[in-house]
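All chains are identified by letter, namely A, B, C and D, in their written order; residue positions are counted from 1 within each chain.
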Amino acid sequence: MKKIAVLTSGGDAPGMNACIRAVVRTGIFHGMEMYGIMYGYDGMINGEIQRMESHAVSNIVQRGGTILKSARSEMFRTKEGRKKAYEQLQKHGIEGLVAIGGDGTFTGAKVFYEEYGIPTIGCPGTIDNDIFGTDFTIGFDTAINTALEAIDKIRDTAAAHDRIFFIEVMGRDSGYIAVECGLGGGAEMVMVPETKTTLNEVVEKLKGSRKTKTSSVIVVAEGDEEGSAAEIMEKVKHTINDDSKDFKVTTLGHIQRGGSPTGKDRMLASRCGMAAVEGLMNGQANCMAGIIHDEVVYTSFEDCITKSKPLNRDTLKLIEILSI
Amino acid sequence: MKKIAVLTSGGDAPGMNACIRAVVRTGIFHGMEMYGIMYGYDGMINGEIQRMESHAVSNIVQRGGTILKSARSEMFRTKEGRKKAYEQLQKHGIEGLVAIGGDGTFTGAKVFYEEYGIPTIGCPGTIDNDIFGTDFTIGFDTAINTALEAIDKIRDTAAAHDRIFFIEVMGRDSGYIAVECGLGGGAEMVMVPETKTTLNEVVEKLKGSRKTKTSSVIVVAEGDEEGSAAEIMEKVKHTINDDSKDFKVTTLGHIQRGGSPTGKDRMLASRCGMAAVEGLMNGQANCMAGIIHDEVVYTSFEDCITKSKPLNRDTLKLIEILSI
Amino acid sequence: MKKIAVLTSGGDAPGMNACIRAVVRTGIFHGMEMYGIMYGYDGMINGEIQRMESHAVSNIVQRGGTILKSARSEMFRTKEGRKKAYEQLQKHGIEGLVAIGGDGTFTGAKVFYEEYGIPTIGCPGTIDNDIFGTDFTIGFDTAINTALEAIDKIRDTAAAHDRIFFIEVMGRDSGYIAVECGLGGGAEMVMVPETKTTLNEVVEKLKGSRKTKTSSVIVVAEGDEEGSAAEIMEKVKHTINDDSKDFKVTTLGHIQRGGSPTGKDRMLASRCGMAAVEGLMNGQANCMAGIIHDEVVYTSFEDCITKSKPLNRDTLKLIEILSI
Amino acid sequence: MKKIAVLTSGGDAPGMNACIRAVVRTGIFHGMEMYGIMYGYDGMINGEIQRMESHAVSNIVQRGGTILKSARSEMFRTKEGRKKAYEQLQKHGIEGLVAIGGDGTFTGAKVFYEEYGIPTIGCPGTIDNDIFGTDFTIGFDTAINTALEAIDKIRDTAAAHDRIFFIEVMGRDSGYIAVECGLGGGAEMVMVPETKTTLNEVVEKLKGSRKTKTSSVIVVAEGDEEGSAAEIMEKVKHTINDDSKDFKVTTLGHIQRGGSPTGKDRMLASRCGMAAVEGLMNGQANCMAGIIHDEVVYTSFEDCITKSKPLNRDTLKLIEILSI
């Protein structure tokens, strides 16, 4: 293998640049020519492919976003789109691919591999941490710390006014971010899609904590079955028949996707990036390079996509204990 | 004057603690007994008044929120409430008052002074910067930097996906925060209550910048006449008939009220706090201690409440130039 | 067991407060009376022991330092000191102990246990990560992120002036912090006590990177065998006979010990704190509660003190590859 | 005037990029061709001059360092060097110059202007704030906030161990940074070059505060007449004959020069940059564009270099009061 290309796809995540840097430099270290594809699969179809030397990834390890830009490609879901993509790779002589992204990215890579056989290895780049085959995903740790900084600030104002704040964090269908933020943010309660929390439980909890505490924080995962944080707050207010201004809601939103990656994310991204290139060199393909228990593990795209990584329920128990 | 009390009232702002510290220690330095009133005017009415020694304000200069807690008091708007408040002060022998807050706080202080003659001096504590009689208010600089950090993060993801972000910042009826954030955040445009910006102008600006730029940020003050950032975004999407996912909205919300105060806010808070106490000692009353052109200035509550501080329109011009 | 006391000892580390909170609340959750001992073993000897209710640990999960204060005790190394300490515990009816700290803390706890049989469990609180029996220590992740933020800033000025910076980070005899900072900070090279790096290697590396890069960062662990960062820089300058102002040194120092803990450290501290209390309840003693591969593991103090945790040498390799 | 070039010179400062952006875009807005000169005066001599379009300064408003790089030029101090520089400007048709930097930068610009008559306007870019003709310099506010964040962290560990910390901050011959950090950081004392503080005063202060406080911070300006923070600490320890480990020293160093600029610095940099270009268009030259009392003021290089801006002594008084 002499030419490898790298792309980022799907929602961006802090650490993607550190991963790109690791992919490019590991390839060059092993004597390969490295290429970058802009805008994910769309750029592959459109031939936005460029040679990357070592200096092209200088001074990016600490940057949020992705210098290769990202996109969600509709065209790549069509046979025609993938054919064009293949032709572009052929044209540039690309023999291997590293795709940094999440579920959708790996689904596309899998289909493409099965059709055209270009060896592809994925790196888990998403803040949601909902990918089987790796303890953590690139961007998760940064998203948590960004959210925690925000929650710490909100606690200042919650404490100053004896308020109850419902804070919505990201995570799509997964409660990973919410659980870590809830524990680290000293929340009274965390509402996640993986468990059923009734409004009654929320109301009881708040009534209980009102006796010993003056302010409270409830962290809500965006995918919770009871609705958004704003909806839940309204229902709670209605249930306890309290129309005071003591209830507030904040939706953290897209700040959780940006920012300079944490040390953990830079390390994880660098290790996955290196493992992806060395995996390709060693004949691996159609799989993701993740880190489990501090070791590199290659997991088939099939498993990454279809298997689910359970939430650590001990942590939910811990939050309950610590919120007394 | 031998006994002075301090309270915080209205929305909390970073730097209130630094101000409390300065009030308490300046008073003690000059040989006075200092008292803290909890929960603003409500606590005054309820007699939540306690002696504060120097160590009571140790290690708080860097803390967000307010150790004296804050509230908006309905009772203090009644004659009866103010009578009770006066009796409490009498009971504790309080001869002077420092009230840290904004417009509402000063309105209450003014009425109370006119009724009972307890000398009161205000300190401008609000993130909104909309108070006449001081170049800046305590908390404004911190709120801007908090919002800018968030905007910088959002720009990462905006740039990665070539998106247009509408970001709503606080400021009530004032565009101060929005203007500083717009300039510092490299926004394409800023929408503030003080100026009329039509949807057409937004659309034209975006069409123009789409030619040279791939991503854009528009900062919207919460009090803008066109509605919230979410409403404006929907109108813009409708106008240009673009239903793509390239438009996103984020409402920064209460993170702007919390956090450790900046150096500027610690300095401003400390100077105003000292000036308030020394003003009381020198016979000042019924006024606010602010800083104008680096000098302490006492402005009557009357002027603080009724006069308005104009937005620097040169800055709006500057944003326009810098967004080309 | 009805009464448990907790103390922090040795160098402080971010997350100690989160650990204290978890210890206290877990104990209360299980119906115990909880006590805090001030100033580590010194406070135990002097009887600075106080009851802690749930609210005593409110709003501290995000705070650096330790509300129980810390110290290195000379007196506890004497038989007489430990006797007094035992008497104080007896006086308060303390039946179990949680000691948060590092090697020295556990050594003291072990001797004390062997002499007086008070069940004691440790929590790994040190930024250095040099403790056997846990993947990470409380404070390590925060120290890395603090150091990385500093290194990111230094890179700005290094890049602006084409300079070579030698940056010294903490870690006592261990290179853990240096390795993570070197990788995350995009360093050209990392010098740690665990490996021999000659000055010639540094000089050769710098000569090589001068061809492709304009600025460089070399991270030096404080315990490196070649001396401090300042000494190494002088030797390198002398060796390559370059007296220019392009070489600079920065010693990060005590900023690495402070600051609000990261999400990871809050989680780790909370889990260890809970595990320590539940361990005592289940009859464990004379051991440390750590987390290995996401599971609670109890390791005897003996092993914690005498066994060493090896540095992951793959990471050193990775730094070499990524610095091309 | 049709062609203007911009350069950064001397020590770098956060906000230089925001200033470059404002210079370039203001020029383009007014129909001019804009050029960037790399490495300050050295690059002018060597002809490292390139055209800058609007997109060349995209996404840099928030970046530390300077994309034009900076240097201190020996060659520009020679007649020969300046002659070459002039020839390079002639070659590119440059008719006006914006020089971002401090004293040294303006001294060079003044001599060059007097010899060759190329209209030049300066922008005050230095963290030290020691330039006459502007209330604040670009980078000062960021440096203060960076130092304060570090001091806040150090206070965590100081408080945990009841220690006395001597913290050295930058500022060359000026105490501006030290004074703001001392006040904002809640220091017991500030030692600056502008005032004489004897060791006895330090010792007396520490003895006094030991009675009421358990930990103390003393901020030392790097230019203090008593020596470095490390030297002062040793002298103090010797004087009070205390050889304990309770005294610690930290030199913040180059972290103060880097990092993303604060809102204040982005605003100041943008206004000065615009004012410099508009000044050149209006026939101004041989002067600096600064902001005094929120208004643009042009001050002759002569005055900027020879006049000194006094320290606000009220602030020193304030620190004394607040440290009781």
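The criterion applied here is as follows: a contact is a pair of C-beta atoms (placed from the backbone, for glycine too) under 8 Å apart; a residue touches a chain by one contact, two chains touch by 3 or more.
Predicted, not measured: the structure shown is a model, and the values here were computed from it.
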For chain C and chain D, chains touching each: none
Greatest separation from chain C - chain, by CA centre: B
Between chain A and chain D, centroid-to-centroid distance (C-alpha), Å: 39
Chain A and chain B: spacing of chain centres that average the CA atoms, whole Å: 35
Rounded Å distance between chain A and chain C, as computed from the means of their C-alpha atoms: 28
For chain B, residues contacting two or more additional chains: 152, 155, 159
Touching chain combinations (by label order): A-B, A-C, B-D, C-D
Interface residues, chain C side, partner chain D - complex: 8, 12, 14, 16, 63-66, 69-72, 146, 150, 152-157, 159-162, 165, 245, 248, 250-255, 257-259
List of chain A residues in touch with chain C within their complex: 18, 21-22, 25-26, 28-29, 54-55, 58-59, 61-62, 135, 141, 144-145, 148-149, 152, 155, 159, 180-181, 183-186, 212-213, 260, 262-264, 266-267, 270-271, 274, 293-294, 312, 315, 318, 321-322, 324
